[in-house]
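In the part that follows, the structures are each spelled out as structure tokens.
What follows is subunit A paired twice: with subunit B in the first complex and subunit C in the second.
Up next, the complex of A and B:
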């Protein structure tokens, strides 16, 4: 593919841009205009870009899907099976557009849950966070998302506020051959505690569409946020996502990502340890089969001392699927006493399955403890033998071990009903043999 | 204590001097005529000139790579003289005929050839700048059928072997610097171990860069036939200059069925001064092809010198049951930069590889481990174990790890571990409590850290490496 073709592709995508959101905020227009300028100067990444060398997204350029227009045919009963009983706040976005009739907002005055254009009263706060955590240079997809920013899930947890029940952000794809641009902003003010679930689903199992999402998360001092991200898009979809989190002093960020869907998916997570003694605990599971490609790139940037980061990423790869993991840990000069560990474990279930993993350390401070490990392998023959000696068939033994491998990540999800849904999904996939 | 150690670390480079011997230098610049000149000067056959020209044409179409984690000013390839040789002389039969000035140089370097040859039983093929001056023990090796000579001699005396293997492991267009080397290489070593022969001694070459402004483009080719085995040592040292010197060597190893090649390097070239001025650019392509079944290729390297070290001694494990090993210690101090590691390409069944890499950074230096473990779909039951540890001394330096793991066969088992640590105050305290001063304690800790690699070195190299490391890092802690 030639460069000019790519630019044409971007030009085509951008051509629909001038439609303004109905309730326009001037600073938001500025943000969008800057993003469109940025997007215009960039190219679609190719395999020649180091960050994309294992993920070929050239098929994308053949699918110039325009931004989805709002279409709200969905009724509450259509999404019944997607609801989480624990969540009393649910924001539903259909093809990236806010669907108030499907959402429940029980937010009192104390905390804010809602759609961006409706939150004009908190303008200053939103202005200081939206687009400030995610970087749009050298990131054409984040730039495009910002350029097409209209609706956005916004959650603000005020100072010392503790929300027991999780907030459910449900992004539903209903149309084919469109691009949706979901956007989320989560702000934890000092001492607040909450759980947020980002859930990407499709109601048509084989619709082809593109999801380009951006999530920004900000934790002020002593805030604790548990973040769960589930990607179960259609098996023909493209899912391109960026998540950026900034961690304040002594804040605690826990994130669990489960990737099951999409033909090609790419998830970039950037965690900025922006202040001292912040802690993050990141885990991820990609379970893919068929000809799926799931690419996870994470970067944990220790910019300040005394930070702690733990990361565990697992891939279960079946058939001719291809999993990619790139986990970068940066320890900046003077970020002394950083303690960081990372593990990448990969299970190959079939002969043609493929894994590319790169746990990467970049360390510029001497008084640090950093370790990473990576393994690629198949199920242990002795473990299978042990279970067979206990009366399980070989298939049962394999399924059980595969399930257990994935369950270690799923068990970290703090929402029982979601955990159960995902356990079922993993079980179903392991038993498909 | 830090003041004492500070003075130790700032010891000037011991091997910094220039030997004044009349050199035969080609004009600066690179074009087809220069390549023809090199070829003509060396009286080369037509096929080798064709090989060089093909590489040059390839090089012209390539651009310098940008992915590396080392930074240097753009190299002006037209400002380098591509050929320099000591005045041509008739070949010498004994050491007595060697230019006394040259002998004194070796003496200063601590390579007393008679002694070394006699005591250690090492054959030293001495490369002075780009032309082989003297080769010892050739006779003894010839008795068992081993050919050990400079590559230019090999081109004349054994053209069929050189032609058969040259460029088969590192093709002319493999990478930017390999293409450059293929076009302009002047000399290097050639080693051929015939079927079933175990080389009776360690083979050794001392490289030395002389003549300010002349880049050095060495070419080494080692072939071990069926069942043969050889241990090859490469040691390096260069005099100090303030202009950076480019060194772009290519080393190719070929191991046939059941053959075993062990290649050890101690590299201590001039690293630039404490402000990062000067020093050698060491951009080397080293690759071994484990072509036959049960073959084994083992790389051991101790990298302490050069302003920039940028190399990945690699193994292509093509034969079934073949084994690849890589043991490395890379030490950087002051403003040195190192981006080094290995590539293990598993192609054959039951292939195994081991990677042990130790990086030590001090001062303002940066050291990176970059490794690739690739298991191709054909490599049933491939096995890899990688370990890369970094140690940081001081808070101005950096240590980086870029391990690429690519697995396309589900029967493979690949493990990678990495850690980063420092010399702790607790450790130093423990030593001082036992009456061991900080300087010695650091040396002991470092040597313990690097033990796994030093164990792989031949005896005399291990001693040299241990001393070298202590010397390099003295005073960095305190």
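Up next, the complex of A and C:
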């Protein structure tokens, strides 16, 4: 792939965008304008970039999918199966565009949950967070997302506010050969507690399209946010996602990511322990088959002392699929008394399945505890025999063990109906043999 | 209990088995009739667990010679699950941990698989729950056992009880208990033995592999076999266990000649 083709590609994407502002927020226009400039100076990453060593996204350059135009043919009944009964509040975005007729926001929350243009009353707060957590330097996809930023899911949990029910952010792909730019901003003000589900789905199982999403999450002191991210795009889709969370003093962030879909997916998660005694508990499961590629890059940046980070990532890889996990942990010089653990466990179900897993520790403080470990293996023959000795066939035993491997992550999701949906999805995949 | 007219449950003839080309079992002959309890004793490494796993069908072992009949079916021709469904049960010396699979889910799956094969009704989760709790009481097991992952984080004793619980649920025709007593304190040992004794009846049989005579105070065997280097070198009644306790295994080597060839 030549450089000129790459920049042509980016030029082409950017030229498609109607830059005329639709809202009167001038800071937003500036944010977009900067992002357009940034994107214009960048190139599509290649495998020569250290950060993209295992993931060849050159096919993308041949697919100059334009930004999706709004199409709201979907009816409530079409998304019935995607609804989560626990979620009283749901924001639905169709091909990246807010779909008010599919969304529900309880009246009492309408000033804190909604589409970006509807929350202009929180202008100052939004301005101080939007685009402030995910960096667009050296990140062409985040820059493009910001360049195309118009609709966005915005949630502001006010001080000491506790929301028992989860908020469901549902991003539905309906069109082929388009790019959508989902955007989310979640702000937990001091002492707030809530659960947010980001859910990327397709209604056409083999449509080719691109999702380029950015999520920014900010936790003020003592905030507790449970974040669930599900990627179940079409098996021909490209999914490129950036998520960044900033953790305030003694805040607690739990995030569970389940990756099932897309031909090629890349998820960058950046967690900034920005203040003392913050804690994060991060888990991920990628379950892929066929010729899928799922790349997860995480970075937990301990910038302040007494932080705790726990991370476990699992991949179940079948057929000729390829999973990548790169887990970087930075402990800055002042971040004494950091306690960090990371585990990467990978299950290969076929001879041609591949996994690249790499812990990357950059520790500059001396009084820290950091444990990490990675395993790559097949199903354990002794476990299979144990189950067979209790009457299960070899296939049943393998399916149960594969399911169990994934269920350990899925069980962490605090929303029973979603947990059940994902268990079914995993079960379906394990039983396809 | 020995009865002359009982039918053979297990008939092993001249069984040889290897692992990775190394012969471990070097000619085992051994018959178990219904109603009987057999003890197999022997030093570490004598091949007791190998025999148990070969009977259960572990694929790492290659049977190079000999035959095994279970009732009158060729046991060695069956995959492990068919052996289990036919009524063979192995309580593992080292029960396997299976993270992510809830014990209750595992127990019900095993139970229903075997029940279906016997032409009986499956139990739904609620019915099974009542049934399993009843059995757990017998083994003095805490109810939270059911919600935990199979054997994960269980103490040695808890794992062994879980094995006996599975045995109680599956009601096997032939149970092989491989050192179910090791790692148990005396109270736990009594409970496990009580469980075993409740299961034992005229229509089934047990093979109890143990290191120690103390288990045999609670589970009284009809026969005691001593294994050494992949062979049964001595067979006797329950008093043989006491002799071993007093004289140690060296005594066997000295007396082997005169007793060789004796079999149940």
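Everything that follows uses one rule, which is that the second predicted complex is superposed on the first by the 425 of 433 C-alpha atoms of A that agree within 3 Å, B and C clash if a C-alpha of one lies under 4 Å from a C-alpha of the other, contacts with A are read in each partner's own complex, and residues count from 1 in each chain.
Here is the rule we use: a residue touches a chain if its C-beta (ideal position, glycine included) is under 8 Å from a C-beta of that chain, and two chains touch if they have at least 3 such contacts.
Predicted, not measured: the structure shown is a model, and the values here were computed from it.
Just to be sure I read the superposition right, which of the two partners does A:12 touch: subunit B = first, subunit C = second, or both, or neither?
After superposition on chain A, A:12 lies in contact with neither partner.
Decide which partner touches more residues of subunit A, taking subunit B and subunit C as the two options.
Between subunit B and subunit C, B touches the greater number of residues in subunit A.
With the two structures laid over each other on chain A, which partner does A:407 touch: subunit B (first), subunit C (second), both, or neither?
In the superposition, A:407 touches subunit C alone.
A:381 in the overlay: touching subunit B, subunit C, both, or neither? Say first, second, both or neither.
second
First (subunit B), second (subunit C), both or neither: which does A:360 touch?
It touches subunit B, and subunit C stays clear.
For subunit A, what residues appear in both contact lists, the one with subunit B and the one with subunit C?
The answer is that subunit A has no such residue.
Across the complex, what residues on subunit A touch subunit C?
380-383, 385-394, 396, 400-401, 403-408, 411
Spell out the part of subunit C that touches subunit A in their complex, as residue ranges.
By the definition above, subunit C touches subunit A via 56-60, 79-81, 83-85, 89-90, 92, 95-96, 98-101, 106, 109-110, 113-114, 117, 149, 166, 170.
If you look only at subunit B, which of its residues touch subunit A in the complex?
67, 375, 377, 390, 392-422
Going by the contact rule at the top, pick out the subunit A residues touching subunit B in the complex.
50, 54, 333-334, 336, 346, 348-378
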